[in-house]
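Encoded as structure tokens, the structure appears first; notes follow it.
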Amino acid sequence: MSTEKDKHGHHDHLREGESYYAARTKALESLFREKKLIGTDTVDRVINFFDLEMGPFNGAKVCARAWTDGEFKKRLLDDCNAAIAELGLRDGIEGENLKVVECTPKVHHMVSCTLCSCWPWPLLGLPPYWFKDPVFRARVVREPREVLKDFGVELDPSVRVEVWDSSAQIRYFVLPNRPEGTEGWDEEKLAALISTEAMQGLDLVTA
Amino acid sequence: MKLQQYLGGLENLGPVNVEKRVFVEDWEARLFGVHMTMMGTGIWAWPHLRVKAEGMNPLDYFKYRYYIKWLGGMCAFLIERGYIDENELDELTAHFLANPDAPLPEKGNKNITDKVVDYLWTGDDPYRDVVINPIFREGQRVQVKDMPSAVHTRLPGYLRNKIGVVDEVYPKAILYSDSVPTDSVSTPQPIYRVKFMTRDIWADIPDTDDIIYNDCFETYLEAA
Amino acid sequence: MKLQQYLGGLENLGPVNVEKRVFVEDWEARLFGVHMTMMGTGIWAWPHLRVKAEGMNPLDYFKYRYYIKWLGGMCAFLIERGYIDENELDELTAHFLANPDAPLPEKGNKNITDKVVDYLWTGDDPYRDVVINPIFREGQRVQVKDMPSAVHTRLPGYLRNKIGVVDEVYPKAILYSDSVPTDSVSTPQPIYRVKFMTRDIWADIPDTDDIIYNDCFETYLEAA
Amino acid sequence: MSTEKDKHGHHDHLREGESYYAARTKALESLFREKKLIGTDTVDRVINFFDLEMGPFNGAKVCARAWTDGEFKKRLLDDCNAAIAELGLRDGIEGENLKVVECTPKVHHMVSCTLCSCWPWPLLGLPPYWFKDPVFRARVVREPREVLKDFGVELDPSVRVEVWDSSAQIRYFVLPNRPEGTEGWDEEKLAALISTEAMQGLDLVTA
């Protein structure tokens, strides 16, 4: 193997197309199976786990409860990991230390990870494409309002923006403003209004 | 300067790709499953993947989708560490490229699945129960050091040399990673949530009340 | 951060393109001729072109050849300043695209050629005969300021916050440009050749005796 | 015209191919002629000027004289603009303030312009492609020896490298080491050995 290959070989593979990536991924899983580093059902189970157990439906449930129960909200802001257990939710990977930041009519919170893609998995599942986009990560800290416009959200200029750039092990979660016109709604109906983006500050909740 | 360590604040990039799916191709989900298995069985941890990402050509870093970069990083790591053989991987890749519907071998270790799911629920708490004597206190002005470039850092480049105020001293020591070369975050140490006025970082922004919070390892800070 | 202002020191870029020709396509030479005409007749100067270059998407900046970027910058400038009409340019472009051998009009101003050649021999000396009182002296330690990002700068990003020694105080004031927005180099001012140890800029380099010289405008420096 | 076009329109044109660039350049010159902003022979004359009047043949002549005339070399290092006039050479654009730096067996000089493409036109003509390559400009200041390797030059590790990064109006020119085995050669024969690259420190002169 040449030095050139040592230095650039692995990157060269990136230049191939989707069918190559798919085949190489399959080859990787295949070798893991041959070497008994994985179970035959492990990959399916992981995918299924993030479809059904760790996903944004958890975060939406937490928001809806916080909107309807002021005492719960206090406990949530004080100790997120303890509070979500009250709802039967578990924390876990990428959520060992969760922290909720609450939007108000005067302050809008947004979460970023300019160094990688830190994200509160137990409450939101896996991060969407946009959160991992280098362009999002580059722009969100310096020009958060312009980034919001790319998501179709126009923020009132009087609202202060606070960006939480994750780089240690705290995972931030945004409690959005409860929309007007939802008085008396039950938690399930409220939860259905809440997008993944709203729980990281890239969307506003409307009824 | 490794551009990946200085992404925050980079200008003139054009619009964000607001794609809301996690995986945009089926293979990405399966790759993620293999990655999660590597995490759950201790083959690697986030810092290994991040080292690969920060060592990439910055133009390629922008050019390729997230999981395409993961694929490159995972394969390189597994080959380097001897988990798999490059020729074997290349041959199998060619095989599946020619026969996309060929089945995966019905072999494996059935205990792994439970182990991985257990890991997902347990996580990997970075707090370490060691005595810490944080040298900064809440409300104190701190300046972010301009550390030499490192193989891997947790210090966002745009904060270097900037001054902020300690907003919270976290109660315990955090271990980031003791298995990859970093700019000294590989020993358990206090971390601080530091509050920066965005205008102190970029004097030309129009929104002068905006704030950026960042959790800084103690080694990145000095008294201002 | 505008990446074009921070090119020096960017890592992991791969090999240099060692192409030794000046122009790699015939149109590039002709474009250069038009540019030189714009310079020689006062339509624009280097700073205008540099403002365009620094305002580009940094990925495009790496992606496109030098004169392709010039073409974009020249057309944009000429349209903005009303020298040419965009539709007219688009239509003529389409015309020459469909008829590559169509002749250029036999019109023009025959005095321009001499004027341009005269300009090539004369140049544009930036020294201004004004009294200067340089605030730094030869041998003095100076620190490069971390100026706010600007539309256009003459301060290489990699020198920000770094300390060097004044190697020479140039004898006269230099005017960089009074017609483009810069980070304050648009008034005549002293400049200094500053000597930096490369290891003081990048602590991890192996060649610890290497030196970098840079000519710094006074406004970029403070006493160290 | 939409805002989007205002913001990105001109860059969009860059995405076209060579025939488009050629046609647009021709359209530009055509409009300049129509508007009498240019002469019919101006472009040809400019190209010809850099083929015959301002080119690396000037720099090579200066080096050869400096190698063979120690007094001239002193004057050249002291005041380049004055010294080259002795050889009948003129300065001019991008050479109003020339400065010669002399290589020795212990010190190797290299010139860069990390912010744009400053280059001593009167002595070397126009800068070659490599000098304008963003990759060259990014790498040369931090890892000059590695960059030299891309040019096929391996420098002895004991030699100190001094990089001159142009950002004001001084234009640097490298006087390379005279190669061994050229004792008694005349200036013309010496000049023929010297590449453009050698006069900016990206090549060594050999006989």
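Note that the chains take the letters A, B, C and D in the order they are written out, and that residue 1 is the start of every chain.
We take it that contacts are C-beta pairs under 8 Å (C-beta built on N, C-alpha and C of every residue); 3 or more make two chains touch, one makes a residue touch a chain.
Here the structure is a predicted model, which means the values were calculated and not measured.
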Remaining touching clusters (ignoring subunit C, no chains moved): A, B | D
Farthest chain relative to subunit B (centres taken as mean CA coordinates): D
Centre distance in Å when subunit B and subunit D are each reduced to the mean of their C-alpha atoms: 42
Whole-Å gap separating subunit C and subunit D, where each centre is the average of the chain's CA atoms: 14
Inter-centroid spacing, subunit C versus subunit B (mean Cα positions, whole Å): 36
Residue list for subunit B, restricted to those that touch at least two other chains: 9-11, 13-14, 56-57, 62, 158, 202
Contacts with two or more other chains, residues of subunit D listed in rising order: none
Arrangement of touching chains [line / ring / star / complete / other]: line
Chain pairs in mutual contact under the definition given at the outset: A-B, B-C, C-D
Parts of subunit A lying in touch with subunit B, wherever the complex brings them together: 10-11, 13-14, 18-47, 49-50, 54, 90-97, 112, 114-117, 125-130, 132-145, 147, 150-151, 157, 160-170, 196-197
Interfacial residue positions of subunit B with respect to subunit A in the complex: 4-5, 7-11, 13-22, 24-27, 29-34, 36-37, 39, 41, 43, 46, 50, 53, 56-57, 60-62, 64, 66-69, 71-72, 74-76, 78-79, 83-84, 88-89, 92-97, 100, 104-113, 116-117, 119-127, 153-156, 158, 170, 174, 176, 191, 193, 198, 201-202, 205, 207, 209-217
In the complex with subunit C, residue positions of subunit B that touch it: 1-3, 6, 9-14, 55-59, 62-63, 146, 148-149, 158, 161, 202-204
